[in-house]
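Shared chain: subunit A. Partners: subunit B in the first complex, subunit C in the second.
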Partner chain A sequence: MTSHTCSVKSLHEQLRDTLGSGKLTHPWCRQKVSEIFDLVHDVSQGQAGPDHLDSILELAGQLTDRGPAADCRESGEFVTAFVEENREAFQSHISTHTCPSGHCPMLTPAPCQMACPAGIDVPSYVTLVGQGKYAEAVSVIRRDNPFPWVCGLVCTHPCEFMCVRGRMDSPIAIMDLKGFAAEKSMSARQYANPEPLPDNCRKVCIVGAGPGGLTAAYYLALRGYRVTVLEALPVAGGMMMVGIPRYRLPREVIDREVAMIESLGVELRLNTRFGKDVTLEALRAEGYEAFLLAIGTHGTYKLRIPGEEDLEGVLPAVPFLRRVSLGDHRMPGGRVAVVGGGNVAIDAARTSLRLGCEQVHILYRRTHAEMPAHHEEVVEAEEEGVQFSFLTIPKEIRGENGRVTGIVCVRAELSEPDSSGRRRPVPVEGSEHVIPADAVIPAIGQEVQSKGLEAFEQVDWTRRSTIRVDTVTMQTHQEGVFAVGDAVTGPATVVEAISGGKKAASAIHRYFEGIAQPALPAVPVRRRRLESFEVPGALKSDLKRPEMSLLGRERRRITFQQVRLGLTDQQAHDESRRCLRCDICIRCGKCVEICRDKMGIGALQLGYLDFDEPGPTDMRITAERCIACGACATNCPTGAMQITDEDGYRVLSLCGTVLNRLQLEYCEICGEVLGPARYHDYIMKRVRDISPEMGSRRVCLDCARSKSGGRHAEITPPRE
Partner chain B sequence: MSQYYLFQDQKKCIGCMACVVACKSRQALPRGPLPSLIVTIGPRKVGHLPRIAFTFMPCFHCEDPWCVAACPTGAMLQRSDDGIVTVQPDLCVGCKTCMSACPWGAPQWNPQTGKAVKCDYCQDRVAEGLEPACVTVCPTRCLHFGTPDQIPEIRRERYARARAQDL
Partner chain C sequence: MTFRQGQKVKIYRRSEDESWEDYMEEFIGLHGIITDPDTSKNDPEALIEVSLDEKGTHRLPQDCLRVIGQ
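Moving on, here comes the complex of A and B:
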């Protein structure tokens, strides 16, 4: 919902105009309209409760029915019609405390939260980590994502790409803080489930125990459903378990978080393949009324080159990684060639190294810059000794005696960008060469293995052989059958699967309850509105994104030990303080504009506030130039900029970042706070021409008034 | 100085504050700001008797206003035709420099809007040929508004009468 208007804000403004115009002349009517205005104001401020909407309609009804004048009744009718028409937006404001259009300043969500597919309230948990409240941080995360630890280690963290701090220096280490909080609270045995609703005796069957299926299981179990998850493999976790290698995501992490979900009463049936070990009829007979397909993409694309089918030693990446994850640690061959440039290719290459392969080669047909794999992963692979051959296209796999001996490749050049902006690799003629290899691991893509799902006759499939769903509800074309995860999106990320699982859980609940399904995508929910840390401006600028310690290179090459060793307490707390708290400051830039253009002072240099053209940011110059007039704070729509008097100082802060601190002066007569000397100097300079001697005495407003009032009083002696 | 003059006959004023209330209510002000104010002096012993006096303190609309000079945004304005000093809310950013610059504390702070407010002699009423709100509500009719030549010579007359009785 990225509309350009907000109906709540629009009603707020219309009512304010009506009240201000003086059109409503009847006092009873004015009173009612201003009561409605107050309620709408609460909604736009995020202070509304569940009864606000009804109260607004009730008051509007009174105006319509009992209004003594025509304009009264018109106002009532207008409000009723407007609210009824935009009921969903009003309810969304009340229940999510979020205004996605950004028109209600107090409810504008932070970019990180908007970027998160699961819609996690990032600023709140980042702040809680800084406060040392790890378990609370985890419970905030788990409102939207039941896998904080997994995602704290392997998320693709789209939040960090949107992080506003990234415009200043580097984004907040949001993912690492999540992993830190989860590890800390798990270790302290404070990682807990919320209390589920009482059992409602309704049964849901989920096919596939990956992140999508388990997420749906978690949120359904919390709502009181009886959930059974079928899993073909002997382990739960799906691709988290058999796709992502252990050195990135230790098995214990998945086991513990799955166990948390199981402890809500979710039944896991391992080694049970749908359609083979159990049929749809049998499940229906058991009483399952809704089904969720979360079968992932465990099939692999073929290279479609000679030698691929008949030679021993050709081992696609997905079965290879699965085999290793399930405990088969035989190496595929001494020299390994991995074909592909995505994360799976990197995973396969690094896993091969750890199994003892002497030489691991990644062949990719474009260049380093075009690799879809994450930069960090590529760097770590390079460090461990993986070799890369870019602009290399495999043509044929060669072998002797039925075993792979090498792979014939041609070199490529990148074409000029085509209409889609992509540069295609064009083979260079006569550039054939052989790369010797004992094993070839294709890692060029995955597909859904739909075998067994024929039982769901009405489920519709896309041309890419994924399951077609309504992206808001995750419902398939068959009633009561939903689908999530890679099986819907094609190979994607853990967090996208989680996002789908959460949507499906809510849609399945609505399906059971017979409630209308939402027409618009869910809006992220603001879970908390926490105080920000008080941090001096200089420190705020100086804090750097932490460098996480990694396992030693030698050990990385030979073991599956976790590579990234986590943040220290100090690193995590500092990182939390580096956050700019975009859930409070909506970066409207009013403060900068007023200080520079209206006041002519230019003490705020906050270039990061500008999304399109970020300028330089310097939090130090404020202390040099600011006169502490407070105009920025007065005009801040969200209270992010604050000016307060504390311990003899006037302090200007932006989301807790102390930008300026000036000593206060006091009224010579009554001792009332006056303001800092620099503020008075500023005024004196401006009024110098009128009264050069003024300003020698510092007197407050009230004293000035009563003094001059006294001077004018005519208390004359009575006549004798 | 503005071309208008607001004269308070202190002898008649009973300190009922009707003018203060009328001023606030006309500008729809919240708790806090008092663009016009009755300053109470005393009670003080004068001779053998206790005396109290009330001074009406609106804005003096100075010839050379400090507030206008201090205002960095041009929101505080002295009207060139009649000299009324008034603040334009659209331009005011709430820096409070006018309040600090005025030696009499005439500009006041409206916490609801985050802007300065002050006595503008009810300029819109004046434009319609009416008197300012404070003047119209005064039960003792001690407030007089007009151009200086219209102001009754109350003090002179009173003085003259007192002298005459002495004779």
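Moving on, here comes the complex of A and C:
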């Protein structure tokens, strides 16, 4: 991800060319360069150990110092200089088994892992779920994200948008599998923290106990730092706790995962607002040397219409959701009008229903198609009885005796797209109407509440009123001060805040240790290399993405019980088997090309290999056409395509998916394996003219040759 | 242009927005999918989340993006 070339791959190719060119004439030199080549090959294959780098340099040194010829010494000098210059890349390949550029096929992360802002090794944990190893799955996830359960319920799952299976039918239910593993693991009391490093006596203060702040706290605590998290609210979790309603994310889930972080020794100071209850000077006096600002976006945009400021019953969505989350379950009013079309508007509307409001209206200025809220949220709101008024622009909030009685709106029409392609709502003259309401909930956007942060004088702000950082390190313009989460990105996602927290923890550690900060974003690290499941191709094609059971509609309207009820064991295991294991197959398409273009067979119809224009995929067709020649497997750069002979059959499989299984035949003369009949026929058709003697007999080429040779011996060549 | 979740996009040029950073130059020409558009108010100024093919997920300004298919 960080560069267009890979230095390991580059050296690998240069050494291969040197050996192949015949330039090195001295046998000793050839032997040494060959040994270096093997070691570099190990590095590019993820098979290198911690001593590989030293061994490469040692061999290169031998070439330089003891080389009997000039080209030998030059090769040694070249390797030494190259490895020293690219030492970091070599070490990264060895320690993380990941190739940042994607040029080492065996070390390329899967698209789902690359897409995850936190860089979770998705294929590994999906496979572990299928194996029933839930605690192991959780520990793989927590290498990159300390909130598997939370993210298993509310992640925006960019991984699923990039899931290669989605090009075939539907993406793997990655998020649901994460939630399943976390719940199972927690329930079995096997959800555990890794062992932290010993206390290093250095103190870090984090302002804000949301996902970004707590993630940084977790990874810093694991590195031995003393971490204190200040939180203005009486609960930890930030927007996870007070922004996401309980029916999507039960409080217990957050509490349990926060408790795991706390158990590493992280101190949580609740009801403590930075700048009011505690000052920067006081914290510095306590010994805090680095600060992380993770204050979220708890402010709200105003509608800026008459009646908004002075009437009782106008409740901005963020404080309204916070109030409900903290236990105030009073109904805002019998009839509620929510203004906005985003996720927060939907959350406010569905929450109002659950509080007992009789009529809940969402007023949105554009059409259903332009609503920025996630589609499934809109559908569930509709199912629960939320009413939508599209193309409706609020103009004034009306009231009597100081209380809201309704909202005056005008109808709108969408204009023709402007130069940027956006269609703007244009009010329709004379369309003014009143929608009766006892409460109005504006939900048109959030902003950072920066009050109290003036103490950080050098922290810079963007024109969006967010904290300006270097997004690789999350460093602000003030030394020792970092920032993450919505305060940096504007209202974003839980997993992005988690990603920021992880990056900040690493950058804070480098800051303390005086290590240079990275200039480019980190690349996800592959955590495990697991065998894939053996699944028949037909079953692999037939398995469908599971449909999760939902709480009954009637109950959803009246309680805050979790709506999505989770996967069953069978659903989770089947879904794990549906995964195409893109951590093994890099979708280079060589198998398809060779089968079609070189062998002229076309038995592999794997349209999903193309990102931009995926074609049809049919895993059954292989069994109908494939001759089991093995050309695809031989040319597969990662070993994803395998051909094996077992129990009298030749089996072709792609990442465990059995594409073809043909009975083997044996030579009638010597008993050698001939391959399946189809393969034998394919070969015989091509050698028929050369060796016509065998007819329909099943004999191997050696026996055929010796038979033909016998006949040739009887032929007397014509005399000259 | 209003971007929708799931749309395929191309980063067709460098952005003029202040949030554009040097390392993003490498993204020009890449294809990806909108994974988290502005989910609150359809703001053309908002940074939106894009998953790039093989290059990770990033929050980018909208002026560098062009829809290439549905």
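Quick note on the criterion: the second predicted complex is superposed on the first by the 661 of 720 C-alpha atoms of A that agree within 3 Å, B and C clash if a C-alpha of one lies under 4 Å from a C-alpha of the other, contacts with A are read in each partner's own complex, and residues count from 1 in each chain.
Rule of thumb we're sticking to: a contact is a pair of C-beta atoms (placed from the backbone, for glycine too) under 8 Å apart; a residue touches a chain by one contact, two chains touch by 3 or more.
No experiment lies behind these values; they were computed from the predicted model shown.
A.B. asks: What is the contact status of A:R202 with respect to subunit B (first) and subunit C (second): first, second, both, or neither?
C.D. replies: neither
A.B. asks: A:R650 contacts which: subunit B (first), subunit C (second), both, neither?
C.D. replies: In the superposition, A:R650 contacts neither subunit B nor subunit C.
A.B. asks: Just subunit B (first), just subunit C (second), both, or neither: which does A:V687 touch?
C.D. replies: Once the two structures are laid over each other on A, A:V687 reaches subunit B alone.
A.B. asks: For A:H509, is the partner it touches subunit B (first), subunit C (second), both, or none of the two (neither)?
C.D. replies: neither
A.B. asks: If you count the residues of subunit A that each partner touches, which comes out higher, subunit B or subunit C?
C.D. replies: Comparing touch counts on subunit A for subunit B and subunit C gives C.
A.B. asks: Examine A:E496 and indicate which partner it touches, taking first as subunit B and second as subunit C; both and neither are also allowed.
C.D. replies: second
A.B. asks: Inside the complex, what are the residues of subunit C that reach subunit A?
C.D. replies: It comes out as residues 1-2, 5-6, 8, 18-19, 21, 23, 26, 31, 33, 35-47, 49, 51, 53-59, 68-69.
A.B. asks: Can you list the residues on subunit A that touch subunit B in the complex?
C.D. replies: Touching subunit B from subunit A are residues 594, 598-600, 629-631, 634-635, 674-675, 679-680, 682-683, 686-687, 689-691, 694, 701-702, 704-706, 708-710, 712-719.
A.B. asks: Quick one: which bits of subunit A touch subunit C in the complex? Just the residue numbers, please.
C.D. replies: That would be residues 1-2, 4, 102, 108, 111, 114-117, 119, 156, 158, 161-162, 301, 340-344, 366, 370, 372-375, 420-423, 443-446, 462-464, 470-472, 489-493, 496, 519-521, 523-524, 611-612 of subunit A.
A.B. asks: How about subunit B: which of its residues touch subunit A in the complex?
C.D. replies: 10-11, 37, 39, 41-42, 44, 46-47, 49, 51, 53-55, 57, 64-66, 69-70, 72-73, 91, 93-97, 99-105, 108, 114, 162
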